[in-house]
Amino acid sequence: MDLFEYQGKELLRKFEIPVPEGRVASTPEEASEATRFLGSRVVVKAQVAVGGRGKQGGVKLVSSPEEAHEAAAQIFDITFTDQEGRGAERSKRVLVERAGELKAEYYCSFILDRTSRKHLAIMSSEGGMDIEEVNRTNPDAIAKVTIDPLLGLSDFHARELVFGGNIDEEARKGALSILPKLYRALVELDASQIEINPLVLTGDGKVMALDAKVILDDSAAFRHPFYEELKAAHEVNEQERKAKEHGLNLIKLDGDVGIIGNGAGLVMSTLDVVKDAGGSAANFLDVGGGASAEVLSNSLQIITENPEVKSIFINIFGGITRCDLVAEGIIHALARLDVDVPIVVRLDGTNAEQGRKMLADAPHPMLKTADTMLGAAEKAVALAHGEGA
Amino acid sequence: MAILIDDSTKLVVQGLTGSEGSFHAGRNRDYGTQLVAGVTPGKGGTDHNGTPIFHTVEEAVRETGANTSMVFVPARFAADAILESYESGIKTIVAITEHVPALDMARVVGYIRARSDDVSLIGPNCPGVISPGKANVGIIPGEICSPGPVGLVSRSGTLVYQIVHELTQLGIGQSTCVGIGGDPVPGSDFIDVLSKFEADPETELVVLVGEIGGDAEERAAAWAKQNMSKPIVAYFAGREAPPGKRMGHAGAIVSGSKGTWQAKADAFEAAGFPVAKNPTQVAEIVAGLRSKA
Amino acid sequence: MDLFEYQGKELLRKFEIPVPEGRVASTPEEASEATRFLGSRVVVKAQVAVGGRGKQGGVKLVSSPEEAHEAAAQIFDITFTDQEGRGAERSKRVLVERAGELKAEYYCSFILDRTSRKHLAIMSSEGGMDIEEVNRTNPDAIAKVTIDPLLGLSDFHARELVFGGNIDEEARKGALSILPKLYRALVELDASQIEINPLVLTGDGKVMALDAKVILDDSAAFRHPFYEELKAAHEVNEQERKAKEHGLNLIKLDGDVGIIGNGAGLVMSTLDVVKDAGGSAANFLDVGGGASAEVLSNSLQIITENPEVKSIFINIFGGITRCDLVAEGIIHALARLDVDVPIVVRLDGTNAEQGRKMLADAPHPMLKTADTMLGAAEKAVALAHGEGA
Amino acid sequence: MAILIDDSTKLVVQGLTGSEGSFHAGRNRDYGTQLVAGVTPGKGGTDHNGTPIFHTVEEAVRETGANTSMVFVPARFAADAILESYESGIKTIVAITEHVPALDMARVVGYIRARSDDVSLIGPNCPGVISPGKANVGIIPGEICSPGPVGLVSRSGTLVYQIVHELTQLGIGQSTCVGIGGDPVPGSDFIDVLSKFEADPETELVVLVGEIGGDAEERAAAWAKQNMSKPIVAYFAGREAPPGKRMGHAGAIVSGSKGTWQAKADAFEAAGFPVAKNPTQVAEIVAGLRSKA
């Protein structure tokens, strides 16, 4: 889960990491009120998951409650996209923060690195800019330190980051004291990333986190009940929300072939073969391992509610998932839903024969079967294009 | 031969008395795997469908000579279960459980790898391992597999089934199929399994199934170029997947890879290995290579 | 530092480990008052560092404040010795604890094991008795589990202890919940041992620590300020106390040759050679590495205050310790103290020649030198026996 | 040859700018040791008596090629300093600092030993290592040593000096003298050092100096009986020491030894190695063995 800046900062504050004083506002009025509370000069910042919000007008420095009101109103009007121009997102909140003088901006991040299986910390005096660009043009300005999670961050790691990252002498003490706190936050929050860009040295000599990109490991939700609350603030579209309620992993896409499969790999592969067959997927929906009849039935319901969907491709290769239960779910869904798009089902693996027989024994005008994945893809695409199959 | 599991495998299942554990372990036993023990704390001394249950893995190993374990416990107990197997002397640990926190795995995998060269952890979040005709540990349906010369290693579970199925359709059997799981910190990566296939006389050719994201495939290609004498046919799911949220900048700085389909395909082609466009084509390329050999 | 039972239990209580309700009493009156507070049946227990206090009458079960008064008075009169009959020690306090019905007694301990460099936990259903004896006669009744401090205690370690130690089913849950707390205490207190013998299952089904032998790692005192307070309760003889004030490691012995040396190994070796020369050491005094002139001067003062001392053997081989500073300390001490026993000095190592020259330039009737360690030992023993040398 | 340190040693000192570090590192340099760097965070870029100072060991290694470090920092910083050296690629780490918490060392030593066979940590709470005529890292007075065929390993610091002194009096030099320190969890134990002496062609005979307490000597005797072709002369301090507080019961159960002088002497004599009664006799026995050879 990618946290909004204000959420990340709230968490960091609990670990005694200095962040600017600020208030979250959901309306221009609240933004103006927050500014009155915080004093004259504040920054109004869009709270969106996509990067590059600054270039899109999502960060505004203002000097009065009236200006803050106007800035927030403008920000609420922007549709943000990522650097590749995708992923339209509106800012539902703004973070209003007290602004102050900055002497220097640094870069600091911790991630759980899959290649080394260790934590990796990066620090650089070249903060406030694209760190990948810095890495290309001036790699010596970046200190990279791996930290074995069995040992945790030792003092020497912090020194290697601060001295190796060429942090100014005035900021050293503050940076050395923040690093162990950031690491503790990383571990105790089960974060897969905490990126502070920039970490700043303020006019009065303090070191603080001016921004925060925190990513949490969803698998660790069982030991962090607060994950649920944080998640509630993240808007998803109606279909994704419904899928989530049913415990399904759905991503909405732009095509017209509804996809249901088991296992992320097989679903991705299904998207690929639908594309190769000349079609385009309406969604990514992984029912996961061991899906029950109920899960299948719910999945079909959610997908058929999307008016863009012209055909559905159910691609199941049973392992933990049992094809007889999949068939049961399909039959159940067809009985209770008014399905008016063709469904192409391809079953293989655990109890596949039983499942195929169950489908054959419960004929339905919209229900088609296929023997192979490629054949099923072609059939589903042809049906979406209105071609009989 | 085969790798990881075979006729000599003696399996203990952690979580045997749970419903999923019971179902799949039963299928593994029916396949011919020597299922010697189950472990459920508090149920030691009982019997589950003919298999003796122990309180601890240590006791199961001592009493039954188990050398392989399958972890079927809920995610919050998985790291503990893996360590229990490791500290009890188990040499092949197959963790099926999904949604294990990445930090747990970083600690466990780091711990085991620093200490032992002769212990293999497969998974978590994986479908397990099958050496057709010899042993099956996990949830791969045994009936779709057949013995033969192809080693298969995959990050994706259901794609193991799909590609085995495609191979079988063309009459090509497998030495061992290994699902390493798609988690950020897997117990074994492609390179670990490739090196075992390279050393296995029964394996003539390897199919490698990856996914977009991370740089495990790119590293495997670089390693294989230097170390593999056997051909590899690669396939990566997700060519047409919507670009998800990018990995953090920090991740890209470390791995130097964007983890895209193209980056992976380029890496394998540069290393001299063919890349298939879909699971069906994987089997076709394998068949072509075999007819040439 | 070996803690008294009451000190160990106070620490365990902070980690939420159940222990019987109790009060510490320094007088029979306080013991009687504690009994009034706790209710009718209590145990009055001597608080001494030596083992086997029960067999020596140091543990008494009583049923009234009057009986508690008498029991405490008796205990305060006992001189306790260890199992080999050495180490006379009086109990300055008694621990008065509420007594209850016990269903079972177990053994449980954690140590930092120097051989494996790991923590080692031991558990057994054969509690309340000599565990070494159990280990000899019935080793299967004992579960031994090593715990890598990099990973800490995992749940499976606790299960191996509880199931492997044959703990009764009724006590399993309680034991499984206490073990992680004991391990946390071990690590967070920097303890080198926590031994609970017995860990008991009470009549009402609770699991608690009926005794506690906690040993703390003195080297970790810098990160545990409370070590100092705990130490204050431990009586040492006057000479040892003074030495400690000066940061010296002194152990009082029964002989008549005062010993000063640098390094525990060399001082032990000095004791050996004094014994071989027919003498007997009055003390063990290690001035440690890098001793200053002041340290030497203080050491001499403390040793000469012991009326048993008939001669003194200063045996220094300089490494970090500089022999010139040793000589300076000796000269300084001789100038300010009225020394009336002969001192045999043997200097070698760092700046030895300079030190020897300084001593030669400052003659004193009681100051003798020797060229070798064995020669010095013989000279010191002869002088102690009143023989000229 | 010699072991651990020699002409190729390039020394970085952690805590060089402190008074003790400065004094002893200066003596090491005067002895001929290549002192290439000091590390004091915040003083990087300065110079201390001609030796360049760096903020971190990593920087010192990168800039000077240091391969050996000496740790002279206060106890509370010692574990961190040792890890810093290890993670910076230092192969021989000599930790002089005393009073390091045992738990810190258990973690650090366990971490290093699980990962690397080619890294030696000597100490903490030790006098260091000297290969007479080649290099001196630590606080052993160089002037009392002379090159020769005897390898010396000792738990006690000052007894190293005393026994070297006794050997020198009889004209017998040393290949390397190693003080492993008397702490509960030393970085290297007797067996680690004995195996290096066994492999060192310059070492003909080994003197082992132990103390009462623990079972390190007993384990060394058992190991040496199986693995040492070279003679060992053993000496243990504390024969007449007052019996201190006993180790916990648990400790005795594990090691099976009471750690007494007699237990240690019996172990070495049973392994066929002579045990001396005092430091002077050590040298006499060594001289006797050499005249026979």
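As written, the chains take the letters A, B, C and D, and residue 1 is the first residue of each chain.
The definition used in the following text is that a contact is a pair of C-beta atoms (placed from the backbone, for glycine too) under 8 Å apart; a residue touches a chain by one contact, two chains touch by 3 or more.
Just so it is clear, the structure is predicted and the values come from calculations on it, not from any experiment.
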{"item": "Smallest number of contact steps required from chain B to reach chain C", "value": "1"}
{"item": "Chain pair with more C-beta contacts, A-D versus A-B", "value": "A-B"}
{"item": "Farthest chain (mean CA position) relative to chain D", "value": "A"}
{"item": "Euclidean distance of C-alpha centroids - chain C vs chain D, Å", "value": "27"}
{"item": "Chain A and chain D: spacing of chain centres that average the CA atoms, whole Å", "value": "54"}
{"item": "Averaged-CA centre spacing for the pair chain C and chain A, given as whole angstrom", "value": "57"}
{"item": "Where chain D touches two or more other chains at once, by residue number", "value": "107, 111"}
{"item": "Sequence positions of chain C contacting 2 or more other chains", "value": "148, 150-151"}
{"item": "Chain contact graph, described as a line, ring, star, complete graph or other shape", "value": "complete"}
{"item": "Chain D residues within the chain A interface of the complex", "value": "41-42, 44, 55-59, 77, 79-81, 83-84, 87, 107, 111"}
{"item": "Residue ranges of chain B in contact with chain A within the complex", "value": "20, 24, 75-76, 96, 98-103, 105-107, 109-111, 113, 127, 139-141, 144, 154-159, 161-162, 165, 182, 184-185, 209, 211-212, 214-216, 219, 237-246, 248-255, 277-280"}
{"item": "Sites on chain C touched by chain D in the complex", "value": "2, 49, 51, 82, 84, 86, 109-120, 122, 130-132, 135, 142, 144, 148-150, 187, 190, 192-193, 195, 213, 215, 217-220, 222-223, 251, 253, 261-266, 268-269, 271-276, 281, 284, 288-290, 317-320, 348-350, 372-374"}
{"item": "Residue ranges of chain C touching chain B (in the complex, touch as defined)", "value": "148, 150-151, 154-156, 159-160, 163-164, 172"}
{"item": "Residues of chain B defined as touching chain D within the complex", "value": "114-115"}
